[in-house]
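I'd like to ask some things about the structure below.
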Amino acid sequence: MEVYLSGEIHTDWRDQIVRGAAAKGLDVTFTSPVTDHDASDDCGVAIMGAEDQKFWHDHKGAKLNAIRTRAAIAAADVVVVRFGEKYRQWNAAFDAGYAAALGKSLVIMHGADHQHALKEVDAAALAVTETPEQVVQILDYVLNGALPG
Amino acid sequence: MEVYLSGEIHTDWRDQIVRGAAAKGLDVTFTSPVTDHDASDDCGVAIMGAEDQKFWHDHKGAKLNAIRTRAAIAAADVVVVRFGEKYRQWNAAFDAGYAAALGKSLVIMHGADHQHALKEVDAAALAVTETPEQVVQILDYVLNGALPG
Amino acid sequence: MEVYLSGEIHTDWRDQIVRGAAAKGLDVTFTSPVTDHDASDDCGVAIMGAEDQKFWHDHKGAKLNAIRTRAAIAAADVVVVRFGEKYRQWNAAFDAGYAAALGKSLVIMHGADHQHALKEVDAAALAVTETPEQVVQILDYVLNGALPG
Amino acid sequence: MEVYLSGEIHTDWRDQIVRGAAAKGLDVTFTSPVTDHDASDDCGVAIMGAEDQKFWHDHKGAKLNAIRTRAAIAAADVVVVRFGEKYRQWNAAFDAGYAAALGKSLVIMHGADHQHALKEVDAAALAVTETPEQVVQILDYVLNGALPG
Amino acid sequence: MEVYLSGEIHTDWRDQIVRGAAAKGLDVTFTSPVTDHDASDDCGVAIMGAEDQKFWHDHKGAKLNAIRTRAAIAAADVVVVRFGEKYRQWNAAFDAGYAAALGKSLVIMHGADHQHALKEVDAAALAVTETPEQVVQILDYVLNGALPG
Amino acid sequence: MEVYLSGEIHTDWRDQIVRGAAAKGLDVTFTSPVTDHDASDDCGVAIMGAEDQKFWHDHKGAKLNAIRTRAAIAAADVVVVRFGEKYRQWNAAFDAGYAAALGKSLVIMHGADHQHALKEVDAAALAVTETPEQVVQILDYVLNGALPG
Amino acid sequence: MEVYLSGEIHTDWRDQIVRGAAAKGLDVTFTSPVTDHDASDDCGVAIMGAEDQKFWHDHKGAKLNAIRTRAAIAAADVVVVRFGEKYRQWNAAFDAGYAAALGKSLVIMHGADHQHALKEVDAAALAVTETPEQVVQILDYVLNGALPG
Amino acid sequence: MEVYLSGEIHTDWRDQIVRGAAAKGLDVTFTSPVTDHDASDDCGVAIMGAEDQKFWHDHKGAKLNAIRTRAAIAAADVVVVRFGEKYRQWNAAFDAGYAAALGKSLVIMHGADHQHALKEVDAAALAVTETPEQVVQILDYVLNGALPG
């Protein structure tokens, strides 16, 4: 099973899921966007040349990142999208919508304080979680029928 | 041409576009989500019964709204998504991703202050604008080849 | 908006929805299977010749009915599926699965006693209702943003 | 060849097919839903937290199971759906409709007493069987051209 | 409902169906290939210039005819394919396969003597008939639920 | 029937086809890109603001034009692509590839001197022509079965 | 590369292609229908029980064979269809149409005497051949760029 | 990751990319058209027999090459299209349009002098480059998040 881990890049939630899945021996391949914030912002101009305008600087980078993210979403069986405490995270919501339209199984992760603001995103999901441990438990159940405890 | 107007519901940008298009006599059918904030929040429980938990209250409403919004996006040739000054607006970004995955032509509208945060959304668009007037001009050009001035 | 009314054929729930929608002046086209039980059972042999075996008698009829039902589901924006009190109603659940895989917006209608048995079907729906009046209210909201009361 | 075994979970028909296929050395990968009735019912709340309402208890579980079943149906070449003697089994009929709409090859298994009630489901199938042994023979023929006897 | 009438062009079966449908007032639009045998054979070279080789003479014509037939099959809800007594009629079987792969509802018409040779084609159909009158009755039933006398 | 006229914009071939079709009373709706060269080049910056770099000036315009051309190709039954004597015309070949991948019926128009260079494009077409009159004759045949002369 | 070998089953053309490809060391996986005529005719009743009517005897068999053939066509990159000297071979033409609608690359093989009757089938092909050796040469060229001689 | 290298065949840009990717140990499979100009031109007649007319000589070859190129584009995650200094290169632009319509990630490579003529092609791309080294850097970033330097 291929699982794409989209969204927030400032905490170690991806590592927690990857380690948790490894600890249970789950047969999962995880993919993710480039999570180095600076590399992700500057990749376009670093490879294809500088831009005077911030808009085009960002545009080149965002498109380059899209090569990676669209291929990964298209190949995924499950797309996990985490919304963190900070920033706008519109790219996370964009990924969720993109995955939903492709018929991917969506798992959303966020804290209780974002519940109302994310109601449309949650409504498109097959599971809404709060912690990486819950995502690992979901994968264990989906693959092996195993429940926690 | 069918155009879906997604996103921010607290200013009159939709009316400006509809009026501007009418003034130019453009052959466009506009669709939109339900823009009455309270109705949109409470529609699920108002019709299908109350819920104790806010999550399920919101869930019923968000799914009911999805009947309208998914049909409208699927039928649209162009999807315009406006990001305003306030709120998280994750549903707007979700709609943008959903429309992008369906291959719809995306037109994004937002102020300069949101440029960096929306770079992935802008990168999926065929036009990035700031004002309703620009959207009307785009529709006039796309339909009639007419440029402003 | 095109709405297909699938499922139980022994009560007048379709008429109630059609009359309710007409009373509100909703812009909806309703379609449905052939609801004459005998005609639906015997159509195949009546037109294409008798069969000795009940299996093939039914087979010819079921395929003939599929010409109508598949075209109607494919053309529908919304598929309403009602589960009544009697019979197995496997064709209703089949239609629900068929519509779900095509990405249609599903509205399910059933009494509380069937809640557990229909949980997988309900989980694929955008709305779960108990009465024809609720379906009419849903259509009124989806089309016009109008809430009851 | 990948074969999804959907439907009734209270007899050992899946084991019979898997053992029969192994005995013949067939090159088949079998998948199935979680067949532990209690785990399947309670998985949602066990991982994502308890619900007061039975509807939402079931809803969370049904969606979680859908992550597994939809991935398996999507990956399958052949979907076998068995209808047993007991319960409503609407999820079995739902799976059959879902698979049919995706163009999967359907093999249905049921006793003679359910023939009339399943006529629409049978009409969408490429084979209608009564026993696990027949399913194994079908797989042997489809893969190797071998007939029984 | 749009119905494409494919296959044999040397008897008046299309006229019989069109007249029969008109007599019953059925709401059907019928489409068909060009049924003038000479025009159909020579259209390519007549418009785009002569060819020395019969293969390319035929090739230009067959492709030109495909502009019409593929658009008509794609737009059709029902594809009726008739196999007559004479000629190879491979284009009829090709159309049937083409329509089947697009998920169109197939109605096949042929005499009893061709039953065995057409078994794969019949197996992909939702109805197998012998006469134009039966096709009209099928359309009447599918549209209006009406059975013959 | 909807026909998109793509490619060369410096001669009056589109007018010849439209007039020829009108003279024969053909039931065709023609669509085309914006054929005003300057408007097509400058539309992006005229509406969405000037750019210092020619690349982005062109980029904004090309994307804006894509809103029109992709909608028109998607809606077309037949895509006619003309290659003229001058310029690179890579957008014409791009449109041909785009239409081919969508399964549209392609009609190519070019002079004999471009035959070898266009062999891959011609190989994807259902008709290869040299003159607007031939295109009109093709449409007359496809719609009415009428041959010239 | 996966190649499906459809059509005539009374000569050893499939063996010639498989041996020719092996002799050149081509990286091709070949699939085919069940080519034992009697098994193919009787498989349905042999597994699922006898039928009194020849139509249903054939029907059960044809559907069972379709499980194999549709999976193979869906998985194929190239579909080779051979028309021999004898029989109607409508299933071969049906397979060709089915494969064409799925966008598969078609290679047709037949003698010169069938050229006119197969013009619509040939027009949908990317190559028209007469001998198994030519098919092997095509595969060698497509995979390795190697030409004969 | 599978990358198709389309376009110009008279310089060693493909070799530079393949060598560069190998030097970095990138996990990429590269595919390409047959790049032997004479073989590509003559393959059709070499295998399927000579033609008197240059048009059909080219036609047979172009279709044969399409078996290879369409399979490769369909299998690719990324399609790189290079436009060189010479020739019309309409097949390169055709490939770009074909890949764009399939939703493939496009990377375009050309010199600054072709910028204006390729603006529609560039507008459909996720990256526009000038050198093989940039393409290698893009692949390294997309796969590994590594930036040059």
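Just so it is clear, A, B, C, D, E, F, G and H label the chains in written order, and each chain counts residues from 1 on its own.
One rule holds for everything that comes next: a residue touches a chain if its C-beta (ideal position, glycine included) is under 8 Å from a C-beta of that chain, and two chains touch if they have at least 3 such contacts.
As the structure is a computational prediction, the values presented were derived from the model and not from experiment.
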Contact-richer chain pair [E-F vs E-G]: E-G
Turning angle required so that chain D lies on chain G, C-alpha fit (0 to 180°, nearest 5): 90
Gap in Å, rounded to a whole number, between the CA centres of chain H and chain B: 37
CA centroid of chain B to CA centroid of chain F, Å: 31
Distance from chain H to chain D - Cα centre to Cα centre, in angstrom: 44
For chain H, residues that touch 2 or more chains besides their own: 63, 66, 128
Interface residues, chain B side, partner chain F - complex: 1, 77-78, 105, 107, 125-129, 134, 137-138, 141-143, 145, 147-149
Touching residues on chain F, where the partner in the complex is chain H: 54-55, 58-59, 61-63, 65-66, 83, 87-102, 114-124, 128
Residue ranges of chain C touching chain E (in the complex, touch as defined): 34-36, 39, 42-44, 46-48, 60, 63-64, 66-68, 70-71
